[in-house]
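Both complexes shown next keep chain A, but they swap its partner, so chain B is in the first and chain C is in the second.
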Partner chain A sequence: MSAQDILVLAETNQEALADISLELLAGARQLAGGTGGQVVAVLLGPDGAKHADALSAADRILVIDDLQLAAFSPEPYLAVLESVVSSEGPRAVLIGSTTIGLDVAPALGARLDAPVLSGCQQIVVEGDTLKVTSAICGGKILADVEVKGSPAILLVLPGSFRPTEETGAAQVETLPSPVALKPGAVTFEELILPEAGDVDITQQDVLVAVGRGIQQEGNMEAAEELAHALGGELAASRPIVDQDWLPTTRQVGKSGMIVKPKFYLALGVSGAPEHQEGMSSSDLIIAVNTDPAAPIFEVAHYGVEMDLMDLVEPLTEAINARKGEA
Partner chain B sequence: MVALDFGEVDDTLFTAAAKGADQIVKIPYDEDVPPPLRQAAAMYAQAIKELQADLVLIGVNAHDELEGVLAPLLALNLELPYVGVIRGVKSGDGAATLQAFKEFPGAVMARMNVKLPAVLGILGADQPPRYVPVSRIRAAMKSTEFQEQEVATAAAEPVATVQRMYHPEVGERAEMLEGSEQEVAQRIVEILAEKGVVK
Partner chain C sequence: MPYASIVCVKQVPDTANITVEAMKEDGTVNRAALPAIFNPEDLHALETALSLRDEHGGTVTVVTMGPPKAAEVLRECLYRGADRAILLTDGRAAASDTLATSYILSRAVKTIGRYDFVFCGRQAIDGDTAQVGPQCAEKLGIPQVTYLEQVIDLCDGVVRIRRNVGHGWEIVEARLPVLLTVVETANQPRPPAARRVMRMKRAPIEQWDLDDIGADLSRCGLAGSPTKVHRIQAIVLTKEGHTEIPPTEEGARQMIHELVVDRTL
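After this line comes the complex of A and B, so read on.
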């Protein structure tokens, strides 16, 4: 291991390797090209080895095999990462801006007295300087920063890198935990899966997603009519679910569902990175928003700068008219 | 309720008072720019230690955080355990424990057992937010007194040098559809027909 290496925290999610792991590896490969170092993936958990094949973009894959790491709890994860990063001494550590990453990366940085940057979307090395572009304020502002010190702990936004076909030496090392682990004050008890019965928005060809721009619960019905006219279903951003206007099963994004419908119509959704994470791969995205600077227009193929309630009815009518003709 | 005296924090604190906060502590801070995250964490920790709280709730990730995330740093400064991205809390089996529900992708929650004292990073409540009428906030503005808690501030160096802040280029991909509501609706239908979404 050298001070030019790039370390990646690979995550799993309910037994499967999380997409973010492959994205981070792609980012790490690019970076290692600049530093001349190796890419080292770290997988925590007793079943880690079964995912090692999928991490072939790495040069080394460290699987830390310990029962205390079977499910996420902050203290054992932190203790292992602190030890691994200290002994490996990489130039940068890439951690996904996920429910796990948000818990561990800032504390890891503090424990190692290393800089932490959040919202990272682009990372390059120029000479000795690590340059990062971070998205803040829900993606409305970008900051170009030079990171001081090493290792830089980088919280990377999902969707920032496309998984790569490139492969590394992919040498798997299964190791016991470098530190004795015992349960911390926060322990994992159980996973609670969403209640079955609602429509599965990941299986829909057409989704009409409503955001806070819908403004009133009373407006949901018109949006739903439009969704049904299109042969689709309603989905939503987080504030709509927080208001209980739709169940959590309809939430698109980081903590909701990842959807890839043929058509995604975003009504009054600003397009925060956490929302984009769940929908940016849709085949066709049309966004309606009163704010021409809304980040949703960066991922949308077509945009409409308009009050959504002015468009919903004429659009429903136009679709029904078309269906009548067909 | 504890807050750094920066920006328009008074508005938030009066709303908190109107919603029933019993004690409101402001940490005086005179600079024009907010403190680096590590300094902010140290400042909050000093003020919160005085209160000897069993449970500290903090937002999981503010939208303007660049140098990491405040919530876990606060826990570290308080030497308390931390878990974040929490979407609901229930009392636990024993007096000094609680159950926190941590969000995972796919509308999945993990039930975590938390021994108190602890810090939780809150993403949302399991119930919709409650609004208070403006009249109650106005009344709170008249009747509420904030407590001030001076803290010693060891200035922390920022961990990164910001070279440039800017708005991302708008509409890099989106082609904007212009015209009346009916024209735009018609154009959308044409696009959907071209793509085979509607027949």
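After this line comes the complex of A and C, so read on.
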């Protein structure tokens, strides 16, 4: 352990290693290159060891094996992380900007009196300073922030680092919890998943997502026709679901579904970080928006600056015509 | 059984149409350049506290930290039904980051005294950090539950809550006192009541400074803030391989052609 190490909180969901964990690992490798320290991945829970292979590009993997950590609960997680971070004394702790990460990181910072930065997209080491670019105001503004204190706790937006195929020979250390864990004042009772019956947008290869730019409920039908012409389904950003134009099951983003289709067509979606979090790992993203500064263009591979309604019908016709030829 | 609730609220610049010109060099928002509004999720936090009081009895105290103008959101809380409002204003608290802010708010909550619930909005639309609520819970030494969408049940000092965790909902139980952060799908905030507006429009609002809450000055403002904003910039398009498609029929045809060639369709 050294004061130049980079600690990564590996996250799992429903038995599998979450994608964000590999992104954080890639980010940590870059940072450790700058600090000259090691990358230490932390896996919490009795099943932690089975994910160690996927994280072998780390230098060390700490598996904290305790039944209290089997499902996420903020108090046991915090108690363990507080102890691990204090004893490891790393330069930075990378945590995903996810439901779990957002629960844990601020409180961890408060316990350790450590700086916490939300919405981190880029992190660079310059001597004793970390230079972090973080997205604020719904992703419209980027703030360059300098952090000197150690450890810095960085909440990293999904999609900020590209996972690498790199493997290594990480040393795996399975340890009992360094602190005695007992159920906290908050107890988990039950998980409710959304109603079945509607299409599952997380399983679609093609999604056409509509946002505020669609303007009228009457325009939804044309967008759905386009989605079907493309062999996909209609999805939406939060404002559309809030207006009851589509069911919650169609909502993409942090408070909706995380999707990863082969093709994501964003029509009039501004692309706040919460939305990007749900779709930025799509294979191909095309964004159509009248606002050239819309953050959606930041993650899009193709961008069109125009009113989506001028595109939807001609595009549907062109695709149907093309299908007719084939 | 009556419950005492404290709601932390914030007046924020309306960032819906923010541009880089509205930001100051130190990374704070030039409040003069944008209209000031009630942070949206804080209204849902207030409504949650008010409906609990309506059902179980008790009190709702609101507190905000900010310049004197921030008293506007407190008055709005009174119009909507809050029992007591406290403005925490002190030049020495300027430039506080999330750690310093949560320390100051926790001192204010302790000064208010007995409480069963502390409510906060999940996050403020200016910083998007979602840190202050959870950090305040830590400073108070009480448990926290984030993303509250519904209070299902409350009895014998235990609250049963539905929280929105993105891919679904979790039902959790927490012992009081507890800090809860509320999301905007939680409820429909009640509007200001006309009769309360008439009664409260000139009602004095309690004003406290850092000395009143016994704050340690080394933990407030710039001195208590380990993060320093260095530079602010508008979002720039940096994605590699970004292609602009001309908004013409030819452009659309070209795009479809490329998608077919790439076997996307």
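A few notes on this one:
Throughout what follows, the second predicted complex is superposed on the first by the 280 of 326 C-alpha atoms of A that agree within 3 Å, B and C clash if a C-alpha of one lies under 4 Å from a C-alpha of the other, contacts with A are read in each partner's own complex, and residues count from 1 in each chain.
Here is the rule we go by: contacts are C-beta pairs under 8 Å (C-beta built on N, C-alpha and C of every residue); 3 or more make two chains touch, one makes a residue touch a chain.
The structure displayed is predicted, hence computed values, not measured ones.
Looking at the shared chain after the overlay, A:R60 reaches neither chain B nor chain C. In the superposed pair of complexes, A:P273 makes contact with chain C only, with no contact to chain B.
In the superposition on chain A, A:R29 makes contact with neither chain B nor chain C. Legend: residue contacts after superposition of the two complexes on their common chain; A:K254 is shown touching both chain B and chain C. Once the two complexes are laid over each other on the shared chain, residue contacts for A:Q243 go to chain B alone; chain C is not touched. Overlap of the chain B and chain C interfaces on chain A: residues 13, 74-75, 98-99, 102-103, 105-107, 109-111, 115-119, 131, 135-149, 184-194, 206, 230-231, 242, 254-258, 262-263, 283-284, 286, 293, 295, 297-306, 310-311, 314-315, 318-319, 322.
Here chain B touches chain A in the complex through residues 38, 60-61, 63-73, 75-76, 81-85, 87, 99-115, 118, 121, 123-125, 127-129, 157-177, 181-182, 184-186, 188-189, 191-193, 195-199, going by the rule given at the top. The residues of chain A lying in touch with chain B in their complex are 13-14, 18, 71-75, 98-99, 102-107, 109-111, 115-119, 131-132, 134-149, 153, 155, 184-194, 205-206, 230-231, 238, 242-244, 248-249, 251, 254-258, 262-263, 283-284, 286-287, 292-293, 295, 297-306, 310-311, 314-315, 317-319, 322-323, 326. Looking at the complex, you find that chain C touches chain A at residues 15-16, 18-20, 23, 27, 97-99, 102, 125-135, 137-139, 142-147, 160, 162, 164-175, 178, 183, 185, 226-239, 241-245, 247, 249, 251-253, 255-256, 259-260, 262, 264-265. In the complex of the two chains, the chain A residues touching chain C come out as 13, 74-75, 98-99, 102-103, 105-107, 109-111, 113-119, 131, 135-149, 184-194, 206, 230-231, 242, 254-258, 262-263, 273, 283-284, 286, 293, 295, 297-306, 310-311, 314-315, 318-319, 322.
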